[in-house]
Amino acid sequence: MNIVDGNLTLDSVSKVGDLWREMKTVVDNAPYERKLKLLRAHPDLCCEKLESLSSSSQVEQTRSGLQSLTDGEKERFVTMNGQYKSKFGFPFILAVRHATKYTVLAALEGRLKNEVDVEFLAALSQVHKIAWMRLLHAIHIENPKGFLTCHVLDTANGVPASNMRLHLHRLHPQEQPEFLAEFQTNDDGRLPNGPALKGQDFIVGTYRWTFFVGDYFAQKGNYTSGLPFLDQVPIQFGLDDPDQHYHVPLLVSPWSYSTYRGS
Amino acid sequence: MNIVDGNLTLDSVSKVGDLWREMKTVVDNAPYERKLKLLRAHPDLCCEKLESLSSSSQVEQTRSGLQSLTDGEKERFVTMNGQYKSKFGFPFILAVRHATKYTVLAALEGRLKNEVDVEFLAALSQVHKIAWMRLLHAIHIENPKGFLTCHVLDTANGVPASNMRLHLHRLHPQEQPEFLAEFQTNDDGRLPNGPALKGQDFIVGTYRWTFFVGDYFAQKGNYTSGLPFLDQVPIQFGLDDPDQHYHVPLLVSPWSYSTYRGS
Amino acid sequence: MNIVDGNLTLDSVSKVGDLWREMKTVVDNAPYERKLKLLRAHPDLCCEKLESLSSSSQVEQTRSGLQSLTDGEKERFVTMNGQYKSKFGFPFILAVRHATKYTVLAALEGRLKNEVDVEFLAALSQVHKIAWMRLLHAIHIENPKGFLTCHVLDTANGVPASNMRLHLHRLHPQEQPEFLAEFQTNDDGRLPNGPALKGQDFIVGTYRWTFFVGDYFAQKGNYTSGLPFLDQVPIQFGLDDPDQHYHVPLLVSPWSYSTYRGS
Amino acid sequence: MNIVDGNLTLDSVSKVGDLWREMKTVVDNAPYERKLKLLRAHPDLCCEKLESLSSSSQVEQTRSGLQSLTDGEKERFVTMNGQYKSKFGFPFILAVRHATKYTVLAALEGRLKNEVDVEFLAALSQVHKIAWMRLLHAIHIENPKGFLTCHVLDTANGVPASNMRLHLHRLHPQEQPEFLAEFQTNDDGRLPNGPALKGQDFIVGTYRWTFFVGDYFAQKGNYTSGLPFLDQVPIQFGLDDPDQHYHVPLLVSPWSYSTYRGS
């Protein structure tokens, strides 16, 4: 890792995850009182004035949409926020960089019900999450080691789904999805030329596969209904760690499918 | 069933599926020679002049996008179409109302490899499919009996996913998805007020659920990663029979999900 | 709830789960020091002398098979047990009533790696689990409210799997499985006469469905291979709460299946 | 391929599947009348005298348990068999080597409902299936190319399930399962030393994985219930082609799992 002009750069061997895990260990091994102090040092999530916050906090809180709460939502938020603080003795902490106002309200409502011990750990895990996302933002990763792969299995016929067309898009908030590539699965149901994303293209963010399942089963002759139950199958997923392998497969019949984070 | 001014109307007891099954039985019970004659009576799927077709065929073929093939695709289509006809002795038949040019090319390529006996049945099943879709188009269904339901199970915690927000959209070709409704699952993980669609709203077409899975698991405290692997989960499906129950559930953990046509 | 001659009896309205949740709340709301005292009051899990334990603890620990560890396992257990105690300041607690020696060793190894805060909660959750199992053992439940249901979906054809034969067995340690019943699914893929188990027959324990999937798909004509990939499909599951509904369905094609705790 | 003393031996390059596909092509390309003649040449499946059959047919039919039908089953079988013959003009053909009487009755009942064209193809596919199984029986395969692999994914935590114990058994009719091996998954959730079966050990037949899922999640700390819903998870599957790769994975959370024929 190098620091040049105040900017962090990870060399080709280090992983941002390793750095984060080291930071996390320091916190986890600290005594209870120091952890509590850390939690109490966090600013309130708020729906009004942001001036007093650090610039990172300002950016994050603006994104969360908390500034656009309706009156009813604002009242609910303020009430629960107050209850939270008096129950647990520290402010409600949430990694809001990718959260909407709905996520914030749902998380606050859910966590307000926690026992004190459980919530203490939940709050700490949010602190770690915020650290993770600020690290990702602050560090320029020269050569991310992560990559994205796919595999399509035809569970109606017990074979790899070969010759299935699929698209990959990158999603941006408030914008049209960005088309990245079209693929055609090979005989083993995999992408023909290795990972769909790797190296500099493997950017943390939200992506979408679109599988042309209807066309595939039309070719196999598996359909008899008019409008197929499954035609274009979208799978939307987040890539969160630039150094990990994400395998996002599809298991599909004309009437069912599943997906999962594989390896 | 009533015929008024040349328009068919199904009364509240009949089902369009029953009518179709009766028509299908007549064909299925016909001798081989009559079936072959039926197949041979179909027009060629074509990428040029449509004037000679019946108006139903014209509409259907226009939709398929066969008129917008690239030169390479056109050549491939014409070649395979010719091979098909000499191998099987009847024209390539495909229910193209909901098909794209990709579906047509994929189906033609796949079916060209069939044995003669198998393809004879495949072609007949397309005839039935065309009949089905024309029936749906021709008949005014007073009171469709079909309905759409949902159920969300949290497979990480082994419980119904309660309080999960979801949206329902209707999809239209070349247009923005039409927002229909927002729901919040009840304690049993189901829609709180019965079916999402029923009666006059249960229109044959393509729909999309969007499940706010990220918010749900934020409330449960199941997340530790920054950007969740699963946040908004879309499920896109076709409703093909106005008189059937479509149950389209979601089984979901923070790292995997599946769906299926249920009952 | 009645106590007669020292035996607890739950009347038809109470649920053992409600009683347990009340007991749990008392513990959860206690201050940190009292919880720690509770953890420290637990006996060591041990592989030698049991005389000093309460009779409940003796029975539980005998069942776990810790008395039949090999020399190598015993050494590993004793070492890890010592490390655990010095790291966390309380003995390793595990609800061993249904555990084998493998479970004990696996759990000890895994939990030894926990942070102190996390393990404190994990140990408390084992205390609650032990309480739960002792309650189940101590209380005579007049009329359990739980029941067991099933549903079979054919994901290759998108329909309920009707007319599928299935068996239900109860499993007993070291004994042959006890055959309970044979069922044939109805048109909706469900059991024809309501729950497979309910009332007095709904006994906490381990059960097994056996689905005759090969016969079902032979009837549907979906098979072409010689020996089917899936023929008899066993699903083995534990019923833990006498007052809950356990829905244990099967989603199956000739080449894949899934199951889950449903509702 | 060599024929020595009337025994067939496949050399290290040939695959029994290739030989079978060639035989199948000869039949598939024959004219309709010759196919019909082939179907009509098959003996009746029968529940009485077997003397008149070829020795292969005798062995196969004895195994099917048709000789042990109850009176009611025998009557049902004879009636349906007669209806079948008069509807289709050829005897009911079923590959019975691995079938029970339940499979036979289910298949007969299901196929009796087929249209004539469809059943003609179904009967031919049974002829191919019988050929396949007789080939497997007749040919000594020097060096099978098939192998069996496994992979376990933890869908609750989004990671490979490492350090999960599993057993492999071979199942024999009317006998205790034969224990073959115990494995411990590696960091990637796979078997540590390559395929579980390969070469001479890869024998066509029925097998069972047993995954110790309860122990795994006890180590991860995912359980809170007393008796786990999933503890030992059995997966039973048939290996039918000695030259193919069978990948039989497990995707599992504490409350759900799925498996499939992978690649």
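Chains: A, B, C and D, in written order; residue numbering restarts at 1 for each.
As a working rule, contacts are C-beta pairs under 8 Å (C-beta built on N, C-alpha and C of every residue); 3 or more make two chains touch, one makes a residue touch a chain.
No experiment lies behind these values; they were computed from the predicted model shown.
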Interface with more contacting C-beta pairs, comparing B-C to B-D: B-D
Furthest chain, CA centroid comparison against subunit C: B
Computed distance of Cα centres, subunit D from subunit B, in Å: 33
Distance between chain centroids, defined by C-alpha means - subunit B, subunit C (Å): 42
Subunit B residues counted as touching two or more neighbouring chains: 118, 155, 158, 229, 251, 255-256, 258, 260-261
Subunit C residues within the subunit B interface of the complex: 153, 155, 158-160, 188-189, 251, 258, 260-263
Subunit C to subunit D touching residues, read off their complex: 94-95, 97-100, 102-103, 106-107, 109-111, 114, 118, 122, 125, 128-129, 132-133, 136, 163, 165, 204-206, 212, 214-216, 218-221, 223-234, 236-241, 251, 255-261
Sites on subunit A touched by subunit C in the complex: 28, 32, 115, 117-118, 120-121, 124, 155-158, 229, 251, 253-256, 258
